[in-house]
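A short write-up of the structure that comes next.
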Amino acid sequence: MEKENKNIPLVKTKTFINPENEKRSVTAPDGSIIEIDPIKDYFCQDRPKEYKVRSGAVEKFLNWARAESLWVLGFGTGCGSIEIPPLVTPRFDMYRYGVQMRPTPRQSNVFIISGYLSVKTLKRAIRSYEQMPSPKYIIALGSCTINGGMYWDSYNTINRLDHYMPVDVYIAGCMPRPEALLAGFAKLKELIKAGKAEKANEYVRNLDWYKANQKKIIKDWNMPDYNW
Amino acid sequence: MDYSITKFLWTLLGLFIVLNWGMLMSSTMRRIGARVSGRFGIPWYQPWIDLTKLYSLKSQVSHGAMFFLGPVFRLMGGVGIFLFLPIIYGSDHWSNYSFSGDLILILYFQFFGMLGMALGAGEGGHPHSAIGISRGLSQFTTIEVPMTLAVISLAIQYQTLSISDIVAAQQGGFTTWTLWTNPLATAAGMLSLLGAFGHSPFNLVKAPNEIPIGPPTEYHGVFLGVLRTNGAILHVAEAALFMNLFFGGATNWVELIVKTFLIYFWSVFVGTVFPRFRIEQSVRWFLKVPTIIGIIAIIIFL
Amino acid sequence: MEYIILISGFLLVLIGLWGILSQKNLIKIILGFTVFNTGINIVMVTVGYVKGKTAPILDVISPEEALTSIVDPVPQALVLTAIVIGLGVTALMLVYALKLYQDKKTLDINNFKDLKW
Amino acid sequence: MVAPIYIIAVALGLAFLLGLLKSSSTNLGSLLMLAGLAFIAFVSGQWLYEFLINGRATEMIFTAGFKPPFSINLRMGMQEALLTTMINAAGLLSGLYLIDTLKKTGINSMTVLLVFVMSLNVIVMTRDIFNLFVFLEISSIATAGLVLLSSKGNAFQAGMKYLIATGIISGLFLIGIIFSYLYAGSLNIDELNAAHIMDIKGGAIAIFIIYVSVILELKPFPANGWGIDVYTAAKPGFSALISSGTATAGLYVAYKLLPLGGETWLPYFTIIGAITFIGSNLMGTRQQNPNRLLGYSSISQVGLLLMILGLSNQLGDNTLFIAFSILISHYAAKAGLFWLSGIVKSQNLEGWAVLRKQPFMLFLFGTFIFALIGFPPFPSFFGKWQLIMELATQENYLWMTLILTGSFIEAIYLFKWLGFAIKLDVPSNIVMKFEWNKYLPVYLMALTLYVIGFYVSPMVEGGAFINYIPLLFVLALFALDFLPVFVKNTISIAGIIYYMVDLFSQLENDLMRQIFAVIFLGGAVLTLMAGYNKKGTRAGFYPMALMMFAGLTGIIEANSMLEFFFSWEIMTAGSYFLIIRGKRSMPHGYSYMLFSIGGAYALLFGFALAYASGLDTTIAALGHITQLTTLAYTLLAVGFMTKTASLGLHIWLPGAHGEAESDVSPMVSAILLKAGVFGLMLLFLYMGTGTEGGDKLLYVLGWVGALTTLVGNLGAVFQEDAKRLLAYSSIGQLGYILFAVSIMTQLGWLAGFTYTINHFMFKAILFLVIGGIVVKLGTHNMYEMGGMIKKMPFSFIAVLISIIVIGGIPPLSGFAGKWLFYHAIIQKGWYFQGAVIFFAGIIAFLYLFKLIHSVFLGQLKDNHRNMKEISPWILIPSYLLIIGIMIFSAFPQKILQPIGEMLSVYFPESLHWEGTKAYTSLGYWDGTTIMIVVMTAFILLLGWLVLMSKKIKKVEQFNIVYAAERPFRPETTHVSYNIYAGYKKAVGFLVTPVVEIFWDSMSALLFDFAGWLRRIYSGNMQNYALHVVLFIVVFYLIALGGL
């Protein structure tokens, strides 16, 4: 599915570089001068590649394993993040379903965008998402991620999450209760088991479009486009 | 000295059993923990699923060669302890490669994995990794003090450092266990075990929610899978070591399973009751009560 | 009689020493020094003196008599030498006093403590 | 043959002749004066030659044709000839040196100089006590006259003080003479000596007066303020003459008059000598003015010689040898130093750094300093050795202690001075101008020291066997110092390899020495290889390095204690120069030297006790010490422990090793420290077990070793400086070795050997590699490094392997040490020491991780981006050592079994081998199998990971999970500084620098005491006169007043 650029009005954007990240030069021990570009030098500049989606019995089994072992990144974005902690309480006990919290994106598969996403947080959310190993999934929680919800005309939040990040499952409501989240997980599991949750590849495929969208509202990129 | 293929296969089988028992043990412990807080907890087979998933993830980044080798070192640490440990007393098949060294070998082989992990995590470049390692090493220096004292006490008691001989000396019933013949050494050893297993209050290496999650912050996918594999093996192997030293060893797998479970449970039990120490508290604690117990355990033999 | 001279010789030595140790003026110290030297010379002469014998000068008495009648000549010879040396030393001291005076325009020895410790 | 009387005749004649010259014809005058001085030097030299070569009999010269007592007579014997030659040589050279000054001040001063030298000659030769007095006075007057060469105001003051004091003293001397004449009826010294004046009533007073004045002439502490000022104020050229000439003559006077009072008076000489020796040296520690410092040093040396005279009845036949060898060192060194001081023209010690502009003069300066302290190959070394040996046979421990203490205090200020000269910034306001007449005397005096040192060495028992070949090699390298590094390095390595081959043929049956030979010389080759990456000439490095290695070789080769000590001191000197080469090494080289000298004196004391026990000079004498056995062993152990840097004596090491140059650090750490280990092993082998004191000592040393390990390792944990960290680690490792050898079982020693070999290998690697990196990155601070693994992968592997060995992680060879340790400790029953050792062993992981993490892992710093791998010349030796480690790890039995067999001669066998498997009564270990198992398993597991891995994306340093932000800079992301803060909070109290505080307060105490004491030198000439009088009174009260 190819996204089109029409949806977003083209606006000339001016990038902003924090003085801290301006180019600077340092002196090496042997006296030579080294130019440092803090935005580029420290980071891997490569574009991501799509991974191969296999089929067959083994892959089906592995998909089942992926579905039954959902590791959620502990990253709360909006007011919805308050709905996540109850999931580990006896009342909801998401561990039963193989859903666990992980503290680092490197070890997580599932990213719950829990509610409204300010531009500032969006940048962080994108990075965290990009740092997660594939296959990875996004659950968008609450109305704000769908159309901005009560923040639809806010100057500082986004209205449609899937312009910026590929969403697997939307959970509507303001706010959805933990039960809805559990239902969301169930839905996600279904998708994974069916082999339909390959949005990570879609993100890679349409990376330019996503990046263009992201850059339209995020002015101060202080890292390269894609975060490994 | 048996280098035959048969021996190798038996050892591999033993490793497989230990790995699976380790995973089962960990899920059981987590279920117990869940029940304490009124939950169901994970399914008993969750570790296997997690492991499968980790091994089947599709993208992988690496910070460098040492980052890549770190998990291998770590796994080697766990496997090594298993290899050099006579896991079942009186069994040729399950004595593994324990003929190549005695208790000292195992005590020092623990560092193999620690060091490798530390280096691997270090190359990851994440500050939390380094902080976690520095805590882990700091704590480990003091964990080993009561352990060393206990080992010396055992060596005086049994006049041997060979694990098989120590187990042999404990055969003959419940009352001949070190637990009863040398309770102070056992106490020192079991207190040091709390630190070695790294459950609360001594879980400041990974320190969830504080420096999430310490050394393996950058590890993911296959790397994490290797680390988890190691965790399962290591826990059983270490528990088996304590079992051999203090609780009469095991003459069959069932005995091993029961005893290692209880030994491991001891640390989980303490962990569910106490909150986490700060590093200096932990260090001081190990240098106080367990060390004093260890010293007394030696003094009584003087 | 010899004892009186001997004692007075020693007394002079002590007076000289007292002068050296207590006077603040360099010239007075040098005077003390000469007194000290004189005392020593007197002591030396006295030690060599034998009661009732004459000076060891051979043109008055014959050499044969000399052995029994003159006092020991050696101390006298020594004293002569010592007086000469004392003269030399005193002269040098006075030169030094002069130099010191030229340097600092004073003769008070408390002012000459540039070198210490 | 020219009769000695011509010395006087020609000098006096010339003096009068000079007076006739016009005052403007200074050139002619100076020529005449020099000719005169040369002539009298020739006369005395000719006599010396006659006595030495032709064995001529002593000649008496009777003046005026009469025999004593009616005439003055002179004696020209061996001693007189020697001393007058020395005096005249000094006179001639001083005359040459002062020629400009003399020309400026006029002909009269030349006259005075001639008369002065002549008077000293007569003082030496005369056998008439009154004549002695006359010429003493003449020399005093001449001295006072020559002080005026310096036209500074303070020279007048000094001369005045001198005149007043000597006036009092000579007056006193006169009274003494007249009274002794009264009792003995003669002025001839020989007859006076034969007269037994002591037995006559009142005779004691006469003797007392003579002695007190003779001693006062030698400027005893504290009644010597007048003398010091002369040294300070006079022209250095003349001070040299006072120091070398007057002191020589004065001492000979004392020697001549010794029989006058007989043995009952000797102790007073000794006591006064000792007080002077120690007191003056104490004063020296506070001096800032080089001339004044030299003055104190001169007086202290005279005190030492006075002591030796006082001890002459105990030293017996050796008195003259001892006195001469110390005197000649003092003579040449002090003259040389004073002359140098005139060349440098600096009023403070710091200004001497200007010597660095002329390295050869610096070399001479070092020569003089080392000769004064008594380092080999200078005569004073042999003299001091013989002195201490003889004193020990007489059980004169108090004097031994005092002599060594005094010498130590002397070293304190002399080495401070030398350090200033070597390391401080070259002052721009001081210019050293080459004037041949000033430089030549200095050269000659230094040459004298070497020649005489070589000449006297065979006179000491065992000295004939000293192997000078390595030293000649060193000398050759000195000569070749202008060559580029590459050539010199090759020559050095070739020489060492040749010598090693040669050495091995001698050590066929001595495995222990073989092992140490490999460590010392093999290590030398490997560490020298790293030198190939240096450029330029590297002036002075090679002679010094080779000097250290020559010393180390000598230690192995030594059969006698003298050879051992000789080599030990050579090694110390060489290593001192190596260490002090580092940029910021001055204080550390200084403390290294002081600890080394302290240790060397402890060794000397111990050797002396061993010698005294059986008059045996071989090293085997250590095996049967009967005098103060425990003390002897303790002292020897302490002596060796200064080199192994054990607890309490370790504070020099971190700085010395940490600040040394990058390839010097491995030399001094991996190799030099093993000299101490070798010494300890030798000592313990001879000592054996079973003696009560010995066992107690071993027990204490065991604890010391354990605590050293703890302190060293803990110290390393909290270091931020990479090389200091390694240095502290060395302290810890040496603690292990000390502990291991103290166990005194086969297992313990095997552990000791394992640690020794391992430490040699891994510390060489670490210091080489880390040193190379430190140089390359331009910083010592680990927190300023990071991420080097990507730039320097080979270095990383080398360091990784080393730290695996240090940590004792199987399968590498470090584990062998740990395993042996556990078994040894449990067999021996040293449980708690063992627990401390193992605690320390685990602490090692903290610093090892810090080291490798901070340098190689973590974040790469911006300014290190373009770094390349360190020089292959550093990596090659490192990888050769790694091969060694690997072989040792895979086949430990190949090395440990022969060592075990060697040890089974000394200890009951507690370890046996079956194939590759080692058994003790406690357990077993099979290094080879472990290696195979671990390697196989590791490869399989690596295969597993590779198999499971997906396509790996290699990412950059900031591609980390950073709470979804980016790190600001590498510096803020690299966790290294104070990484063990929490640990410090918990156990930081253990690293309170108690030992440093102790030594600091000790030195503060010493300096404060010296500072308090020197207030007696108020500068007031009356006070000084009072001191003289009080000295007489106190001496009288003690000697005759029954006090």
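Some observations on this one:
By written order: A, B, C and D. Residues from 1 in each chain.
One rule holds for everything that comes next: contacts are C-beta pairs under 8 Å (C-beta built on N, C-alpha and C of every residue); 3 or more make two chains touch, one makes a residue touch a chain.
As the structure is a computational prediction, the values presented were derived from the model and not from experiment.
The chain pair with the larger count of C-beta pairs in contact, out of A-D and B-D, is B-D.
Chain centres here are means of the Cα atoms, and by that rule the chain farthest away from chain B is C.
A separation of 70 Å divides the Cα centre of chain A from that of chain D.
With centres set at the average Cα position, the gap from chain B to chain C is 98 Å. Distance between chain A and chain C, defined via averaged C-alpha coordinates, is recorded as 112 Å.
Chain B and chain D, compared by their mean Cα positions, are separated by 53 Å. Counting only residues that touch two or more partner chains, chain B has 57-61, 217-218, 221. Residues of chain A in contact with at least two other chains: 51, 104, 106, 228. Chains touching one another form the pairs A-B, A-D, B-D, C-D.
Interface residues of chain C facing chain D in the complex, by the touch rule stated above, are 13, 17, 20-22, 24, 26, 29, 33, 36-37, 40, 43-44, 47-48, 74-75, 78, 81-82, 85, 88-89, 92-93, 96-97, 99-100, 103-104, 109-110, 112-117. On the chain A side of its complex with chain D, the touching residues are 20, 26-30, 32, 34, 36, 38, 41-44, 46, 51, 75, 104-106, 123-125, 127-128, 131, 222-223, 227-228.
Every residue of chain B that touches chain D in the complex is listed here, in rising order: 1, 3, 55, 57-66, 68-69, 71-72, 75-76, 79-80, 83-84, 97, 99-105, 108-109, 111-112, 114-115, 118-119, 122-127, 130-131, 133-135, 137-138, 140-141, 144-145, 148-149, 152, 155-156, 159-162, 165, 217-218, 221-223, 225-226, 278-281, 283-284, 287, 294-295, 298, 302. Considering their complex, residues 48, 51-52, 61-62, 65-66, 68-69, 74, 89-90, 93, 95-96, 98, 100, 102-104, 106-107, 109, 133-135, 228 of chain A touch chain B. Remark: chain D residues 776-779, 862-867, 950, 953-959, 961, 963-970 touch chain A in the complex.
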